[in-house]
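So, here's a batch of structures to check.
What follows is chain A paired twice: with chain B in the first complex and chain C in the second.
On to the complex of A and B.
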């Protein structure tokens, strides 16, 4: 039996076709009928315009696209020996903002995307206080970020060689108080970290409901993970069969699908899972490694890993703030050449996984721009024998709602996919 | 009394206005004052298919994203036609963001077929007259959360919202983004920034800042209740204006060394006279760092 549907509230929508047999989902196909064309909008523009246009790919991870864009330019400059120095201060400010945006993503995803769907699978009414919880944390963490970025979403405060802001300790004090506010919310309703870290409140409730819906006995995961960027909070790597390998960017491939506007992303010839679970496994995080062993790649380890990464990033955000020395320069760009040409690649770990931007600039103008987004990795379709990650994970699901829960655990981002 | 029915409908968008509005401090309380039929993030009583295929009553229609006349379909129906249908029924149509208002960033990909709901950049669309009686424009990339909160609050209070020629609320858009900028003294004395990442200097002369000729109260209301682009040393890109996004966003366009765009309402002759006077003085305070850290 074939059933057509639309999966919605995934930062946009995707067309879905389910194949069912004896009440079980046999296969799923997600397609995107429209592309907005951000790459083509960028072509022909001054390369610095990418710092304004690229964030507009996505309203929820605009800052990741901004950082990817600036990495792309800085990589190109480095290759052309155009001199710039990134001060520790600029690096800490960027890292702080990266942490804030990821935290915002993870909290919204948990309270607005995953938890309501878990209630639905259990045929329970979705409590009406989830929005308020997400809203309080989002308000505080985006405010903390805006102290340095000017606004969120769609800030453009990074420039090649640093950041445009020049905070004093007065600003840093305000940011710290806001991070503490979010940490307090997280400690009240997600984690007890007084001894060893433990799920409480809403996160524990999620686990109970997954057990109740019998979602912990089957695997809904993959065995092949990837994180392409080295960051202040995670290492790059490929994780396969419980072993970590170094990554090689040359193995990244992109291919056009016939039935969808979204392109597929492959590593070598393989479909890989990207995102917080991938990062935690590659970093050999003891808590997540234990969980993965216990629940072998099922939905709970993916959910826990993501919320847990939010918690870890709150601590990292505080560290970044405390490391800022305001007397250092914010931006050091020493070149004064009028027209520059370069080719560069920028990789970041966005909330949903590895994000790549690539640019070729000729005489200050963007010749080509290419973007590979995290959801492209998880959503690659593959073939009947070799299914993509999200596709493979829903095989065997007992209902449409269950399949949607599994798909939402990857946090598909439609707007990124249809950049 | 029943709550006003609110419908949030998206077209070609990045979701930036949805997420911007979610930053509102009293988001939850304000949303509870409405019967929310559909919203891109929240659990709602209707799914997208209902919105496209059923005949629902709606009081407040919020549009996000740019419109393609033909070729942006869901459930076999054109999104632009659907927006027009709901707009005819609604007591208020709010275009949230520059895409829905003027075409914005996504218009750049297909200039001739994509536009805002009632405006194509600064031009009125042919069908515009059918919707203007209920139209409120909130341009911005994204629009500030409090701009929408203000409009919704005015609707709840049954107050009249005064608007300008683009149907933007004057209580928000009568200001320029320049008003309240902490770099105003440097603007007055014509001192530009030396490098990015410094507290001193104005971004208008070299770095492309469009704040003096951009309608918005960003530096009065502040983003995320705390900051703004110019406060963190980023030029204003004029994202609330019909012309957004311009090209060469980090450079000021000049004619013979004079900024091509004057601050709103200032004749070039007046600007040049004031500039000549200001530049003839050397103000020592402005040649020094605002604050110095002793090593």
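On to the complex of A and C.
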């Protein structure tokens, strides 16, 4: 029997149609009945307007879009030999803000998206203090970020060649105290890191419930992973059959689906998984490699990898703060107001995976702008023989709630996907 | 620090320089006081709406003392432009806010306002006060999803018919018969969904740039033919809380005002509450002294930037943008865009994506000032601003025809 269903809580809305046979999920079709047309809104404008408009693609990962937008401009300038120097200070400040946005996304996703669904699969009542637990950490980390970015969401402190803020040590100390606050919360309810990293508290409870629901014995994973950006916390790469390869941006392909307002993204001719699990495997992170082996790509390694990345990023965020030398310049851009033409590409690792912005600028005006968002990779539909990543992973799920849990483990963001 | 901030907010809003009429005379305020008392009494007798939470308990759970709460009430009273004698009433109103059912819907948007409101922003007690409102329906926040959520919404609509406040986040795309945005298993268009929910609402609050004026989706060439709430909903009190994202403190202010008085706050011609949008960013900007002294940032990273000079020449739109972010700030008041050396982009004004585009100084932005013509130099511009009542008024006058509502009428809801 085919029944139309809707999935929400994936930050926006998607239509979900499950096909079931003998009680098992046989297939799923996700469509997005929604679009804004941000790419076409960008066309024709001053290229610097992208720094304000592109973040508004998504209120959930707005900072990643901001960084991708500035990378496209800086990449274009590099190609055109327009001189600018990104100071270490500017780089550390940007990295710190990137880390903060990912941390808040990961924590929020765990408490508001995945944990409630795990309770549901176990037919248990969802505790009503989860929002509070999440918000304590997310308030603190976005506050730390706003010290440098002015506000979150929709910050606009980044300019080509640097950042516009010029923090003092007092502000850096303030941010550090906030990061420590979050680290303390994470150590109290997610990880014990005194000897080796171990899931405790809410994270351990998630594992127990997955065990109880018998979700660890079957695989809901993919075997082909991708991370396109080299960042301060992860390397780029393709991971297939337990081997890492270098990436080639030319292999990225995009196609329009007929039945939905979303576009599909492929690497070569393959559907690939992007996100924290992909990054950890490509970086050969010992803990995640071991988990992946033990649990052969089931839902737990994806969940653990994402929460764990949040923890790692807290340490990286502190490092970035400690590395800021306030005497360095915030922004060095020698040209400033000349008319320029360029083509540029900006790639970042956002919370849910690789995000690409691509621009062609003619005499200061945007000729074309193209955006490929993380959920486009994981959500690509594919065909009956060659299914997209999320689609393939729900096949065999024993109930709709179980299928929702698997879909949500990818944290599909429809806001980004439909732009 | 929070204490000092609350005090300074109070001072700023009490200041005589405020362009909004805050002194309506003793008689007016004593009448208002009495009617508020009656209103709160009525609310107290009502049961807590479906999902409301007890404020005292919520505050206690989070370690706030009564003293902190009263300090917050005193600052909020000032923010709402009421005399200090209203403080106990404002505190009581906050406690009975859980009687007011709220339905929150997301249309064509980026979810940024929900993010700002519910997880990342606002001074602490504001957040808790917001937590206690009886949020009957919110897609992202509630535990239910899919069909279950739809059922929950329908039940809330029926149960609280004529009583709930409808918060709308996001624009409404009208192109291809509204099919750029549909909701639910029956694929109801955003337009039909909004009109149906607005029909049973006591008041409609448009939150963020998209819901108020169409925002990003409506920016040229407006690919989906997107419009704001006030372009569609007729015959209901509408309150606009623009900005991208809207400031949670202002959302609290509006709900609180409604709890307190049973009416919508005084609005400007664009249906924005005057307590929040009665001033320009420029009026209370921390860099204002540098504007007056003619000290500007001329290029990113220059000496002016290092010394926190005025950002006007870098395209700051503070002089023509009505909003209180220079005072309220963002993310628990830790900072705001001008605080990090990036000018205001004018996000609480209509069509700002097209008219105010960001790095163009206002002098080149082709915006008509009330003094006539496009301002050519900073000196001329400064003069115009200081002598005229403010450049924004021209824009307001033009827009009031669309808004269809005059400045000071307070509608009973």
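As a working rule, the second predicted complex is superposed on the first by the 417 of 419 C-alpha atoms of A that agree within 3 Å, B and C clash if a C-alpha of one lies under 4 Å from a C-alpha of the other, contacts with A are read in each partner's own complex, and residues count from 1 in each chain.
Operating definition for what follows: a contact is a pair of C-beta atoms (placed from the backbone, for glycine too) under 8 Å apart; a residue touches a chain by one contact, two chains touch by 3 or more.
What you are looking at is a predicted structure, and each value in this text was computed from that prediction instead of being measured.
Upon superposition of the two complexes on chain A, a steric clash is found between chain B and chain C.
Of the two partner chains placed around the shared chain by superposition, chain B is the only one that A:327 touches, whereas chain C remains out of contact. In the superposed model, A:168 makes contact with chain B only, not with chain C. Of the two partner chains placed around the shared chain by superposition, neither chain B nor chain C is touched by A:268. Of the two partner chains placed by the overlay, chain B and chain C both lie in contact with A:148. Once the two complexes are overlaid on the shared chain, A:138 sits against chain B and chain C alike. Residue overlap on chain A between its contacts with chain B in one complex and with chain C in the other: 6, 8-9, 11-13, 33-34, 36-38, 40-41, 45-46, 48-49, 51-53, 56-60, 62, 108, 112, 116, 126, 131, 134-135, 138-139, 142-143, 145-157, 159, 161-166, 329-331, 333, 415. By the touch criterion stated above, chain A contacts chain C in their complex at residues 4-9, 11-13, 15-16, 33-38, 40-41, 44-46, 48-49, 51-53, 56-60, 62, 104, 108, 112, 116, 126, 131, 134-135, 138-139, 142-143, 145-157, 159, 161-166, 261, 329-333, 336, 404, 415. Here chain C touches chain A in the complex through residues 106, 108-116, 118-121, 127, 139-141, 143, 145-147, 149-150, 171, 173, 179-185, 187, 215-217, 219-224, 226, 244-245, 299-301, 305-306, 308, 330-332, 334-342, 345, 353, 357-360, going by the rule given at the top. Contacts from chain A toward chain B in the complex involve residues 6, 8-9, 11-13, 33-34, 36-38, 40-41, 45-46, 48-49, 51-53, 56-60, 62, 90, 108, 112, 116, 126, 131-132, 134-135, 138-139, 142-143, 145-157, 159, 161-166, 168, 174, 326-327, 329-331, 333, 415. For chain B in complex with chain A, the touching residues are 10, 12-20, 22-25, 27-28, 31, 40-43, 47-49, 72-75, 105-106, 108-110, 141-142, 195-199, 223-234, 237, 239, 245, 247-251, 291, 293, 295.
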